[in-house]
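Going by the order they are written in, the chains are A, B, C and D; count residues from 1 in each one.
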Amino acid sequence: MNSPRTTTYREAMREAIRDAMNRDDRVFLMGEDVGRYGGCYAVTKGLLEEFGPERIRDTPLSESAFVGAGIGAALAGMRPIVEVMTVNFSLLALDQIVNTAALYLHMSGGQFNVPVVIRMATGAGRQLAAQHSHSLEGWYAHVPGLKVATPATVEDARWMLSTALEDPDPVIIFEHASMYNMEGELPLDGGPVDLATAAVRRSGTDLSLITYGGSLPKTLAAAEELATMGISAGVLDLRVLRPLDTDAIIAAVSATHRVVVVDEGWKTGGISAEIAAIIAENAVWELDGPIKRVCSEEVPVPYSRHLEEATLPQVQDIVAAGRDLVAR
Amino acid sequence: MTPEQARKSIFDVLADIAPEVDPSTVDDSWDLTEQIDLDSMDYLTWMVGISETTGVAIPQRDVSKFLTIAGAVAYLVEHAD
Amino acid sequence: MSASRSPKDLLREMLRIRRFEERCAELYQAEKIRGFLHLYIGEEAVAVGVMGALEPQDAVVATYREHGHALARGIDPGAIMAEMYGKLEGCSRGRGGSMHLFDAAKRFYGGNAIVGGGLPLAVGLALADHLRGSNRVTAVFFGEGAVAEGEFHESMNLAALWHLPVLFCCENNLYAMGTALERSESQTRLTLKAASYEVPAWEVDGMDVLAVGEAAGKAVESVRAGGGPHFLEFRTFRFRAHSMFDPELYRSKEEVEIWKQRDPVEVFRTRLKADGSLSDDEWEQMEREVTEEIDGAVDFAERGTWEPIEELTRFVYSEGGSS
Amino acid sequence: MIDFLLPSLGADMDDAMLVEWLVKPGDAVARGQVIAEVETDKGVIEVECWHTGVIEELLVQPGLEKLPVGTPLARIRSHDDEPASTPTTPAGPTTRTVLTPPVHHDEPTPPVRHLAHQLGVDLTEAIGTGEGGRITRDDVHRLAVSASVTPTAPLPGDRLRTKASPRARRLAGERGVDLGTVAATGPAGMVTASDVEALAMEAGETADRGVAMRQAIARSMSRSNREIPHYYLATRIDLHLAMLWLEGENEERPIAKRILPAALLLKATALAVRQTPELNGHWIDDAFRPAGAVHLGVAISIRGGGLVAPAIHDADRLDLEETMDSLRDLVSRARSWKLRSSEMSDPTITVTSLGDRGVEIAFPLIIPPQVAMVGFGKIADAPVAADGSAVVHPVVNATLAADHRVSDGHRGGIFLTALDRLLQEPESL
């Protein structure tokens, strides 16, 4: 049995890119500072030397153009990996992603596939202030035609990319900026994982904590703390925000009858609102208490540390919400 | 204790255990457990009730006397001083 | 397509577009066509000229004023009309309408309702050809209005930087919807904008189908030979409103009349008649054939069916999972 | 003769006012010729005529009021109407198929059909108020309202809107419990499901309770049948020594302190199961959870039908007298509906004794989520072999029903053997 080896989220993602480029010459990577600079979060460090400037393409700061070009190249049969440095800059390319990538197959009556993969860092917590701290995964998960993946473990970071590249439709992979240094185990015999189902990261009988991406570590910590208070909390990692694993959400709520949704995005119109709606529509008779959500305060994320911490969902917020529900 | 008194106290105790039983329909000489839905616990509780209300101790060896109403009435009349 | 086409073929192609667009106006007013409708009347020479210079394997990316490009590229008029009727038999299953005609077989990557939206996409198509060492050309059409969009500059720069096989075709009809060029661009010599990206650029009389054909042929040949992107600015004019609900307050009737003197169809017909290569009978025969073809297209659209509601979610994602 | 209708000039244009005619009756018109001007929200727009012919009659005077799109404005005599007159030189081609006026057949447009489908409105006999009897969206809404689907049955539970969780509300509906009477312990003073369950056990009318109990038994037994792969083992136990010992014990005991054979069987079962822990626990989320303690469920029949199986807690640690007392207490409370929910929810193994009904061998269904159940038949005299010759002893048939996902026959056999051996030393129970 080959024992698992520990590696970081960053190295796992780099390995995934290298593996994909070695296997398939249709795959190439482009984005701002991905080549010479080695990537803003050093994910692509060393790839330029290994694969050369034709397949590791530094782009000018023209998000709409190079994301659009990635979509165009995919339309013509390539399998591009487009790295948008962070979701904050993707707003400039939103038109290309939403009005071209997501629509082309449906609008052309099934003629044109767009097998592009777009990777973006996301999330806050590093005092980068409001313009560099957005969590907009929910926006993209709103758009039919896109698939949205949020790897929260080293294993998902390693293996989601190959499934995404095989997918004939556009897939957007969000990598929470705080997770790049996270260490985790990577079984040597691991393989491609699905982009459709949630994963129970911790089982529990009194309460279900539903979350994704960067909020998973905080949610697991909260579950541990709740356990010391005699409250058994399960943790469901959504892994994918579109398509949402509705069955897993309903199953979790039907088992514990109490649910807290943890999402770093804002509440209003966020993915947490969608999850709450799914529960209310499909499992209302299973509820023994109101659906609770722990999200960011509805403010632009402030620069100062204490304000940023007050803005973002914290472990204590999750624990408090859980205790309220179980009222013990 | 007259037989009527004995019979009354027997059925009073029985009423707590099996309220649906109508005394007039019970055949005095026939095995009680075949006429009424009584399990061994009901039966014991019934005898404990009779013993407490009539003050008659019912040793283990006399338990079999209480299989029928007639037997029970006779035993009580004989033992109730 | 690019087999040397006789002048009469060019005239016929332009006439075909002209009558098709007139019929669209009529059908729109009869409520058969809905939504937005942008007619190409007056600019026929550009589409016919450029398409003549392209090969079947080349790619075309157009805009919402795309009927002329679609017809000149060889997409079936019945499928186009059915698409505007919203019928299943339309070239996009009735889902796109006038602004979103698609045809994978003809590598016609659609109209685009977002001004400048097609530019990055075209750069991408060319990038793919570049990466695979193929000598295909991608022609992308856009109006002078798109020149104000960031995507134009980003795309021009990217194409020039990476030396990609893109033919930028700017149809400068002087009015971006209701705004004249000089009121939207500090530099109205658009070719200078292209030159600033080291992209070869020429101005062409968009009302003369022969001039357009010659310029397009030269540019396509250079692009195909690895000369990198080229930029052609076709000076042209649309004789009708920007779209179907436009009282044209922004331009005078006189200006329209002046440009109508240079009607690409009328001028070319008169020239061919003058040099004896077109008889009156041949012209009337051409008119009859075009009208019959368009009547057939309308009939095809009328008999079309509605896409079943149950198929609404088809093609949101690919069918058959991630193969 | 052709009707010239007010054309639709834009997607969001519904009407326009005629401003000026540019032709008069008798004028020849060619295809594409501008013949009038109309005032729209966006300004004055020229109106073209798409027919070639002669203006026969102008039907509308300019400057009156806004006319809806499609209003006939004029009538035009087209060529083929004219008697053999010299053809005017038409600018357009001579032969053309005249476009039939827009066909407003009553076929509703797909969006309208879709709306009707959503609102459950049958369009077959509907008459539309739109153009040419076409069914419009308003027609569909009107039909949906008039059909006035009967309002859905009022929610179960009380009229007074007590704050209760949806799950509590559903349970109350099922158990026929009036939410108003339930003591709320949930967050923000809300009634929770467990509050309802507790109340359902303690109070409530017999009739409803009976129904609710029957439903509970039905659910539990069908789940047991569906999910639990039962295996059965039976063994005949000689009770000669046990009954002899019991007779002696009861001789000195007053009637109120007498011990029934059932107490012996219960205590022996509780002790025996300690040796085979895989018969004592619960199957939850596809996994067996062994129970730490032995809470012995006792199947108690309720007068007039129904069954409950509350637990004697830590039955393996009680002496016979304590076992007898707790059994008596359970039976009396069960029959007067005064059981606590904790007693109901956590037996780790259950015993059913049907001897009083004359049954010889029982084949019980395990109560989920438990994983085993013991059944005792009646204690009756029967010939038994004792060192070579036949003697008559009181015997009882003990059956074990067990969950094959958790234990195998081999372990079941060990349990029954232990049970038998314990009953041969009654004094040790």
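Everything that follows uses one rule, which is that a residue touches a chain if its C-beta (ideal position, glycine included) is under 8 Å from a C-beta of that chain, and two chains touch if they have at least 3 such contacts.
Since the structure is predicted, the reported quantities are computational estimates derived from the model, not experimental observations.
Steps from chain B to chain D, taking the shortest chain of touch contacts, total 1. Of all chain pairs, the one joined by the greatest number of contacting C-beta pairs is A-C.
Comparing per-chain C-alpha centres with the mean over every protein C-alpha atom, the closest match is chain A. Centre to centre, using the average C-alpha position, chain B and chain C are separated by 107 Å.
Averaged C-alpha coordinates put the centre of chain A at 77 Å from the centre of chain B.
Distance between chain A and chain D, defined via averaged C-alpha coordinates, is recorded as 33 Å. The distance from the centre of chain C to the centre of chain D, each centre being the mean of the chain's C-alpha atoms, comes to 57 Å. Chain pairs recorded as touching, per the definition above, are A-C, A-D, B-D, C-D. Across the complex, chain D meets chain B through its residues 247, 250-251, 253-256, 258, 260-262, 301, 303-304, 327-328, 331-332, 355-357.
Chain contact summary for the complex, chain D toward chain A: residues 165-170, 185-187, 190, 192-193, 285.
The residues of chain A lying in touch with chain D in their complex are 203, 255, 257, 284-290, 324-325, 327.
Residue ranges on chain C touching chain A, taken from their complex, read 59, 90-93, 95-96, 100, 102-104, 109-110, 112, 114, 117, 119-129, 131, 150-151, 154-155, 157-158, 161-162, 313-319, 322-323. Within the complex formed with chain D, the chain B residues making contact are 18-20, 33, 37-41, 44-45, 47-48, 51-52, 57-61.
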